[in-house]
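Once you scroll down, you'll see the structures, which are given as structure tokens.
The two complexes that follow have chain A in common; it is paired with chain B in the first and with chain C in the second.
Entry: the complex of A and B
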């Protein structure tokens, strides 16, 4: 009887450890290595939603149900990551292709508003937006219609938000629709 | 307030002669003026002028207000330089309150690959130099001011307690530094509910207000020996540094003679080492003086080619000779000598582009000159630091450039007192053999160059300076040439697109051209053989504030850089 109890405890302990390494349902990555992905991570935490966050996520690391790609180019961030713009776009292309192949839902987010637009960011927007299933864009980010134009054919829904704190509402709605409850 | 409104009434919009320049807004006033990188800081300085304070009183008020409204760029956790011209004596002095390395510093402290990978010179406690700003402010007030710290701190205190509105550009800066701030100062006021403070937020800084009150009550000892010193040491060491209260207690300000030079009869007074700026502004202008710049079209291919080549020669010298003069003999006279510049200018060929750029030999122009080696610099991308200029009704002039180095410095904000600690240790060389390697008590090499220029009749002409790391030197030389050679107003001169061409290690860097330069000129420069890149109009090329004296109308003409939030205010 004692040995059965020991085995039960051991199994429970093992399951606990295994549980700790279970992947979350959401993968969070950056497109352009700005700190904006980190801000979305904070918003997700406030919503009580866990996400596996890796700004340099590669296709082989994608095991989740949902991929959130936070778009925003930062030459400082790219430099710190030791990559250039073209390498980042190549990584994103491969990741988005893998997501599509695995039927992973893709949510593209642009939370930096007008300040996170410009030549560099626009290249990442162009690389990511057409692949998204849904978009969340903070005010000012789509003032010139770049997201609208890139998603016209696919008729991708674009959710607006007044600022980065305000992305919580559309994020919660989208995640709920995709089966992830949030606070 | 009425007088400020009157001044607003005097505001004159001047259309730039060059269509490519950004919005040009010169502000004119009769009685006094402050031009800083934030309107509220300029107003703080003018408030003190209106209360009867002199230019130095107003300068300290501006400096403190900048700490509140532009805390990312400068403040009491950093250092800087102040150039002061006394209207009665015409004497010009430079206060050097640059940070120094703590006693724990070693030449090889940032030399290892592990240290470089962890960015120890940039982030956290090891990056922090012993701040000099508070000593600088008190020394300036005591010797050259008329008011008490409590009086000049009033506007800044009000701003810190009542708050100010976060501008979209500031939201972007906080966002860009979000990772650093989240790591080292997650509870700071710039992060609201876990996220960067958003535009439109009213940002209050009660801890900083408390610090100002303590300084007003107990003087600089509160910072260097008292409770603030305890908090600084604790914050630095908690973040991985090794600073002691002795480091703070032993900090000493240096009053220096300015570097002097001339450009086409105008006299230049700027900052000697620990800044390389003044000396190399003079060198660059000396080289350019040998060419008929005023006869060329502004920002034409001929103009920019010559300027780029001259910059390479100057930066090659900077890399070879400059360091803290307390530790190294620097051939300041030779580098600023017109004969030496003429020799350097002889190397410039109109249809050839220098790829190899060796340092010159100023020893013929100054005995005892010695070559040094391996400075850092040139590749820095940061656009931090803040310059302001002040003129009072008596004609006293201040030019002051201050910094915490990178935006939000080391990321360490002293929690109890709410000010950013610098990351000035990053201005030292990583190579332990360099003359600019860290050593206890040493000042890292700077490019900050608060500069005062007098005209051919020895009357005050311009007070100006800039942010922008090594680009400060090239920016200020270009602005002065825009005024002297091309007859521009202060703001016209500041808003023109600029170029930057670095050289180090014997090699020329890329010619970087700011958007706004005629694309045809860019093509012509390419044809000449320049390896070039056009970059967006922005802070990379330096952000400058300045005030010019217009002796025809007996008014002050203020300019401030649209690459930043600069606004001149006069009365």
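Entry: the complex of A and C
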């Protein structure tokens, strides 16, 4: 008779494989807990691209090929998540380090324009932009050259967009380049 | 014993009469604020009272009209709440524009233009606010809207506690916040008048199975959450879609999440207590702010204030301010945002879409003013 333990192990192994096969190719997270990540999720949906979205994604949850980090600080959002700015930066540092270690492509996006800049957002920009492989920045977000300066050394390509709806075009192009077809 | 000179008796009597006269005029002025505003609902709206959802409210100053229009085709239900804070006139006027212009082919529309009627019966002390705002209509008549207070009248909510402990969470706030409807949700059936009012509104949302509900506000230009949508996590996807569409229409709006640890507010408690998708919206209104100068009807209607011009130049404001914030602009923002939300409701609640027709477009409100979409009403005030 097959022991209960063996059955349990078999079920666990099957569930692991099932989980792996259902995971999307893209992981979507926030840097600063603003709702801008939700807007990028809506754009991805419109492009017919599935993403595993978790605003508080941790390194151990990163099994995808691409990591999209949507930058934008919101004190209300941080409060809602029950974390502070320093905890968020620590989470992001660990996540970006894990992504680099697993050869996961990193796309940093800033879709809030000038309105989503300021002391709080700038700290998240500083934490994320240097680690990105590519950036998409909505008009006004890079008016003072913060993204340009932070990525100068690495020569990271920065794609512009007129507004959040307009990020669909560069997003589609980048994802296609990284092997993810979009509508 | 010395005799008082006759002149001093005369002066005393004169001063006494003068005091009585001032008291009479002030009392009459105070009492006249009790006369409700008159609305001219579009055809098909049924008028109910909030007390029908929570009978203990009947006959109290908290009871307020609820207007419901049912479409021929079944769908979802949308609630628009104006006047949570009656100093935030754009909310009342946006709700009124829906009430007086909307036809509803599909689903249902519920409008409560004066959510906190108890805050409409007085002004905030020492703020120098006007008592009313006026709109001249094309037919020569005038529409009058009261400009009340942020808080429930002292005569309905007295005495204040030193500290207001929010009953559902234990959160501690300043005592006066117990008279702020948007700190009292989900309400208490046997609580203070404002808590009972909050309870009645939540009962309405529950009993009418409201799918999407709006709480319309205004905020000072120096406050970070202005020209903004605040959304419960359940509403966030819909709010993100709407934010993008509004941006495409040239109406940039900030989207903020409802903090889980800030209790008593509509965008948090409506969502936690019912199945509704709650949305709170703010426009920028200099007559709300602390930097403002003379606070009169002109300021409420135009938003023109030289101190705000200076503040904008110093980069201290959270809205683009070019010398004014017209009431038409503030109302147009609310009306257009609601329209876009309703148009996208079906996407997140399949089978619960609502169709609204007859709603003025953004540019129409900007060009023709709010008054072009207000209907004439009988001169005698409804009681």
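Note that the second predicted complex is superposed on the first by the 162 of 183 C-alpha atoms of A that agree within 3 Å, B and C clash if a C-alpha of one lies under 4 Å from a C-alpha of the other, contacts with A are read in each partner's own complex, and residues count from 1 in each chain.
We take it that contacts are C-beta pairs under 8 Å (C-beta built on N, C-alpha and C of every residue); 3 or more make two chains touch, one makes a residue touch a chain.
The model shown is predicted, which means the values in this text are computed figures rather than measured ones.
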Assess the superposed three-chain arrangement around chain A: do chain B and chain C clash, or do they fit? clash
Which partner chains sit in contact with A:33 here, chain B, chain C, both or neither? Use first/second/both/neither. second
Counting only touches as set out at the top, which of chain B and chain C does A:42 meet: first, second, both, neither? both
Contacts for A:164 in the overlay, against chain B (first) and chain C (second): which applies, first, second, both or neither? both
Please work out whether A:82 is in contact with chain B alone, chain C alone, both, or neither, and reply first, second, both or neither. second
On the A-aligned overlay, A:67 touches which partner chain: chain B = first, chain C = second, or both, or neither? neither
Determine, under the contact definition given at the top, whether A:146 touches first (chain B), second (chain C), both, or neither. neither
So which chain B segment collides with chain C once the two are superposed: 166-174, 292-300 or 526-534? 166-174
Check: chain A residues flagged as touching chain B and also chain C 34-36, 38-39, 42-43, 74-76, 79, 113, 115, 163-165
List of chain A residues in touch with chain C within their complex: 33-36, 38-39, 41-43, 74-77, 79-80, 82, 113, 115, 163-165
Complex contacts: residues of chain B adjacent to chain A: 168-169, 171-172, 175-179, 182, 193-196, 198-199, 381, 536
Touching residues of chain A toward chain B in the complex: what are they? 34-36, 38-39, 42-43, 45-46, 74-76, 79, 112-116, 118-119, 163-165
Residues on chain C engaged by chain A in the complex (per definition of touch): 224-225, 230-231, 233, 236-237, 239-241, 243-245, 247-248, 252, 254-262
